[in-house]
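Shown next, in structure tokens, is the structure this report addresses.
Just so it is clear, A, B, C, D and E label the chains in written order, and each chain counts residues from 1 on its own.
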Amino acid sequence: MSGFAKPLKIALGLIVIAGLIIVPMNFNRYGLFILSQWAVMTIAAMGLNLTLGYAGQVSLAQGAFVGIGAYAAAIMTTHGWPLPAAILVAIILSFAVGWVLGYPALRVQHHYLAFVTLAFSTLAFLVFRNESWLTGGIYGISNIPRPHIFGIATNKPLPFYYVCLGSLAIVSLAVWWLIRSPWGRAFMALRENPLRAQSLGIDTRRYTLMAFAIGSALGGVAGALYAPLTQYIDPVPFNLSLSLDLLMMVIVGGAGFYFGPFLGAMIAVLLPEWLRFTEGYYLMLYAVAVMLLLIWSPTGILGILDRYMAARRTKAASALRAVAKSRLETAQ
Amino acid sequence: MSAVLEVTDIKKNFGGISAVDGVSFDVREGEILGLIGPNGCGKSTLFNCILGQLTPSGGEVKLDGKTVTGLRPSELNKLGVSRTFQLLQVFPKLSVRENLILAGQEHQGNMASRLVGRSDAGLTDAANQMIGFFKLDHLADEPAGGLSYGQQKLLDAAMAFMGGPRLVLLDEPAGGVNPSMLADLKDRLVAINREKNATFVVIEHNMEFVMSLCSRVMVMAEGKVLAMGRPDEVRKNPAVIEAYLGH
Amino acid sequence: MSDPILSVHNLVGGYGKMTILNGTSFAVPQATITTIIGPNGAGKSTVFKAIFGLLKLREGKINFAGRDVTNLSQRALLNAGICYVPQGRNIFPELSVRHNIELGGVAAGKGIDLPMRIEAALDLFPALRRKSTQQASTLSGGEQKQLEIARSLLLEPKLVLIDEPSIGLSPLMVQQTFDILKSLRDRGVTILMIEQNARSALEISDFGIVLELGQTRMVDKADRILNDPRIGQLFLGGAMEESAA
Amino acid sequence: QAIKLADVAELSGGGATVGTNWKNGIDLAIEEINAKGGVLGRKLEVTHADSQSNPGVARAQVQKALDAEPYVLLGPGYSGSVKVTAPLAAEAGIAQIMGGEAAELTQAGNKFLFRTSFGQQSSMPKVAKYIHDEMKAKSVAVVWVNNDFGRGGRDVVVKELDRLGSKVVADLSTEAGQADFAADVGKIKAANPDAVFVYLNEEESARILKELKRQGVTAPLMGETTLIGQKVIELAGDAANGARGHVGLTTDAPVDLIKAFREKFSKKYNYVPDHNGLKGYLAVYMVKATTEKMGKVDSKAFADTLHGLTIKASEEPGILMDVTFDANGDIDRQSFLVEVVEGKQVVKQVLPKVK
Amino acid sequence: MSNLFDLLVAGLATGAIYALVAVGFTLLWQTSQTINFAQGEFVMLPAFLMLAAMHAGAPFWLAIILGILLSMILLGLAFKMLLVDPMMRHGVLPLAIATMALAIGIKEAVKQFFSAEASPFPSIVPTGDISILGHAVSLQSIGVLVVAILAVLGLTTLLNRTSLGHQMQAAAQNPTVARIIGVPVERMILLTFLINAFLVALASLLITPIYLAKFSSGEVLGQAAFIAAIVGGFNQVRGAIAGGLLIGVLDNLAASYVSTQYRAAVPLIFLIVVILFRPQGLLGRAEERTV
């Protein structure tokens, strides 16, 4: 973008960040809970955006990874382990499982891959529910503690919100770094044309597995935060519909756009809350809103921005072409 | 001169049809070999078997004397073999420049250094040079999917050169490319061939291009090698005229 | 030029905000072969898209057989007698070869004996007959192009727009395709062709058009373009001839 | 100035039927009370929030409800959602009257949590006793729906049967929303039990009743309200005949007040409520009775007053039947044993209060 | 185990239901390359339209006709114009998401404007069993199976043997080229969605007496049918029958011989295995591609 836009962007970013830190200070518990939920879901959606939006690997299992992370954290912290250790385990565990789930992606793509991951997500739910010795089964795990960070208790909603926000910040930075690195470009190559990518030395197998594993690990992080956020988990929240919700966040926000998950999660978490005043109609209205958004811009909210930017770029290209044209004319 | 590529008795069947039926040949270091033959005679399939895009039903491929049959395309590329495609194969939503950087990045550093290192893997200059050469300057930041047919074809060729390959297999690089640009492309191939001692195998139906570029030409028909020799010999071969060139 | 069957006047248009056609104008006389040449990205294919209603024009008029056909639907243009064979791969990958060809007759009028024409088309391209039950995506690149050409022979058009038919075809097939075009012309069909294989194309053409940066640089008899030294250098591959010599 | 109640219920998702009944019951009760002048002269007002049958959402909604400082919190109905929200209400010192039936809910020492129906720890022993004593079943097949409701009931009943010496010969979990019970019934048939205990939601109950009939299972069937409710009879037709059930609270109870309630409810909402409709209705009348007992609107003293309170239907007709609350917030009242005879519920036995 | 034959019969009966719903999935994929996540809800809704007509006093036969017409308008025409048209060009995902939202919308609307309770639904096939080889087989299931087979036969013939069918497939595989050669793409797509709407209305009529009319019954049904469609072969209508019956039988066998707790897992594991070893599904056609 052009010269003045960059400082403008940075200023805008700083304002938003400051806003996220300061404004919630006088929110009530409910507001903080919702905002924390937004942060957590954004992390999970960023993971899916990496797998799906950038690397083009359709996954309907992100909810299962949130579940894996949540159970890992719940089991460990209720046994006295500190949360950071639990997050680490959640990351490793979901990274490993995600890596394994990536293998089908080496054989099948697109909708077939979606089906495999869909099946996985339902299988994960069954395990959460049926293996009561580990997961507490249908009764779930209650009294999940919230951590002490640097000696500060985060039992109260505001400190815990900052835990979520801080995690979001760290994850955002890491993801930003990743997608602007050659890895990010290789992920996009998987999405755009794996055949060509292979013949350019891009190890599509390894990158595909990585895309799955990293995306899943972020799901795990989100889960590990979700458990202490609600302080009680059972299998129901991690069923297929969470995976579908996360998918919706990514697509509605704009798949393959860095800020897509932030907006998508905002819509999926906050919009229903705003619509609650309509009581029985709120889910209906929410569904209609999502449909309208997609009708308006099938490539997601950020797709609109992209169209605008593309128009600017083509203007520049047109100008270059015009220069060439005038040169040609004078040459004659 | 030693053989860079040795292909022995490669076969490929699709169901009952045998598309490549026992093809053997070698390519010498620094050579430019032409590959011609009627439509559907198995040229592209042969390429795909050599490059690991398809698993051959039989036969062996050796690179520098080492067997590479069954290696994945990316592994072969790491060994210095690159290619272009007959049908358009670019990354449509990435810009032209990004396409080119992508084409070279896996040849810079290793996985880890690519994660922590520079985001363009130090390739922006090289990419810009390529862009300049193929006269795509005004389109450098445009998505590659918006290029014209011939421009995409050129971009595809440019990508094959980004990794500094030793052996390049080009599948109809001239199709749809404007003759004057084609002459440039030919010069470029010759230059790379001379300076870097790179080896080329070129499938092409454009006889002028093949005959003026290649030192040897191999002719295929119905999955088999029909003739092999210097361009002028091949051109006069009655079997080749009958099956391929017409009168 | 005598009574042009197709005339385009001052076409302006492009993709998004990018202007590709900057006032392209030319006319094509009836029962002739006219070849458009020009550098890559000149906008040749874009002109065809514009004529065939696939590109929204910002300005300009297209006249065909004495009537304004600007921005008509594809079906209407087909009914008016225009047929278009685009550049690149244009098949239905998961249908069989025969079904692909049969679909070429969807817009056929009442008087056409389709089964006979399908057989005739398959006679011209024996490779297609051999593979008629195979899925079209398994054809080789050149065979796919043959399929498209065969498909376009099912109708009885007045004007054929054909975009670089020679790409991917073996020399023998190129000859045969050009022969088909010639025989069509001899039956009174007008052919407007884009070619990079300019020398061979101009040899069978009556007229040539040079397009550059979306503008018509030159419209002339084909042989005069062939012999124009400037054009030779720029668009016909003069340089290659030299180094080959 | 109105007395503010807050309701959080399963208005969508898997528990939508539960939550909708509960909500409608609440609305009906409030409408009645307000029409008669309210409580201590003040009108009642309620806000409804949807938990989407998801504990995480339930927590958020309860949080929101508590932030508005309601007089009493009503709901949710799913035990998992109750578990995740109960600590919040307790922390805020606000009484929570809920619909969950899991045994453990009231055993965690929470002083602010109240039931509107029997917990499974009090209903299931009665069922087990009946199967053992009256049906004389030595072997029992247990079919349950695999969610917290079904699993909770199954766990208690299996334990009780075991204690009494009846053997569980088939222990079958089923899925909520399951349509095909052929395999499950096949297994029951193969196990050839003396009695079958069915603990499913209404629709699934109807489906399994049909399948049991198709496959000719003749062992007596025992269940809870969800097996012999009017809805089940309507859906299952004559396949429901002969099924028996323990009914803590049912719109089919042979009690005039309950019949009248059912009448009013059906008239307003065009359908026959299930026991969740009753629970919601009762929850509001519990608020009314307790408040009137205190003689003031005092949310701090509410829980204390309700503990140990007995509400008599003769004094507060809205409570429908006499009921006593113990120190844990559990409920005690009469219950019934019902059998379906020719498409009608017939009360076979009235089971007295436990204490 | 009691009787393998009984299990098979029961499995086929359920499988026929899945097959009937799955036909729609495969049809939409083959002729428009779209996935409709609201297909289960599409089957649930027509029954409510018919119930509404009956509540308004229409006799059953009239209610059926009205129900079918209304669902063709709502689930065929309106669906195509409002959701499919704007999103089709943008690949599978946006439309898939929109149909997920649509599924929520339909469910909530039925719950809000009709009822959260299940209602019984009259059967047009006589209820009761007939005896085949001494085993009771329900007439309703036979009806469902017959209609599913007829639907698949009819559609397969249409798609593979008629020019109309080829045009429909062409419109899905390469709309731009289809337009260029004169295929009325818009009309073909509309036809696809009208056929689908008709099929779901028919399915609703046959299945609802067994499943009961309930706002949430589409969830289970949709997911099972979806799995059936993939197992059978997503890109071929005939795959629906094979997949549906197989999943139905497998589900029953799993419930009897594996564990009831993990019964849902067995078809899923089967699905994964099928996809990995035969991605095109059992009866599907491989999507081959030359390089």
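Convention: a residue touches a chain if its C-beta (ideal position, glycine included) is under 8 Å from a C-beta of that chain, and two chains touch if they have at least 3 such contacts.
Note that the structure is a prediction, hence the values are computed from the model and not measured.
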For this session: Name whichever of C-E and D-E has more C-beta pairs touching across its two chains.
Result: D-E
Problem set entry | Reference chain E; chain at largest CA-centroid distance | B
Exercise. Distance-wise, how many Å sit between the C-alpha centres of chain A and chain D, to the nearest whole number?
Worked result: 39
Problem set entry | Whole-Å gap between the CA centroids of chain A and chain E | 32
Exercise. Roughly how many whole angstrom separate the Cα centroids of chain B and chain E?
Worked result: 47
Exercise. Approximately how many whole Å separate the CA-defined centres of chain B and chain C?
Worked result: 28
Exercise. What are the residue numbers in chain D that touch two or more other chains?
Worked result: 12, 14, 146
Problem set entry | Interface hub residues of chain A, defined as touching at least two other chains | 129, 195, 280, 283, 310, 314, 317, 321, 324
Problem set entry | Shared interface positions of chain B, touching two or more other chains | 44, 53, 85-87, 139
Exercise. Within the complex, which stretch of chain A touches chain C?
Worked result: 310-311, 314-315, 317-318, 321, 324-325, 328
Seminar exercise, completed: Listed in rising order, chain C residues that touch chain B in their complex are 15, 38-42, 45, 87-89, 127, 138-143, 145-146, 164, 166-176, 196-199, 233-241, 243-244
Seminar exercise, completed: The residues of chain C that touch chain A in their complex are 14-19, 22, 212-213, 215
Exercise. Taking the complex as given, what residues does chain A use to touch chain E?
Worked result: 58, 104, 107-108, 110-112, 115-116, 119-120, 122-123, 126, 129-130, 195, 240, 244, 247-248, 251-252, 255, 280-281, 283-284, 286-288, 290-291, 294-295, 298-300
For this session: Please give the residue numbers of chain D that touch chain A in the complex, ascending.
Result: 11-12, 14, 48-50, 52-56, 59-60, 63-64, 66-67, 80, 83-84, 87, 102, 104, 146-148, 151-152
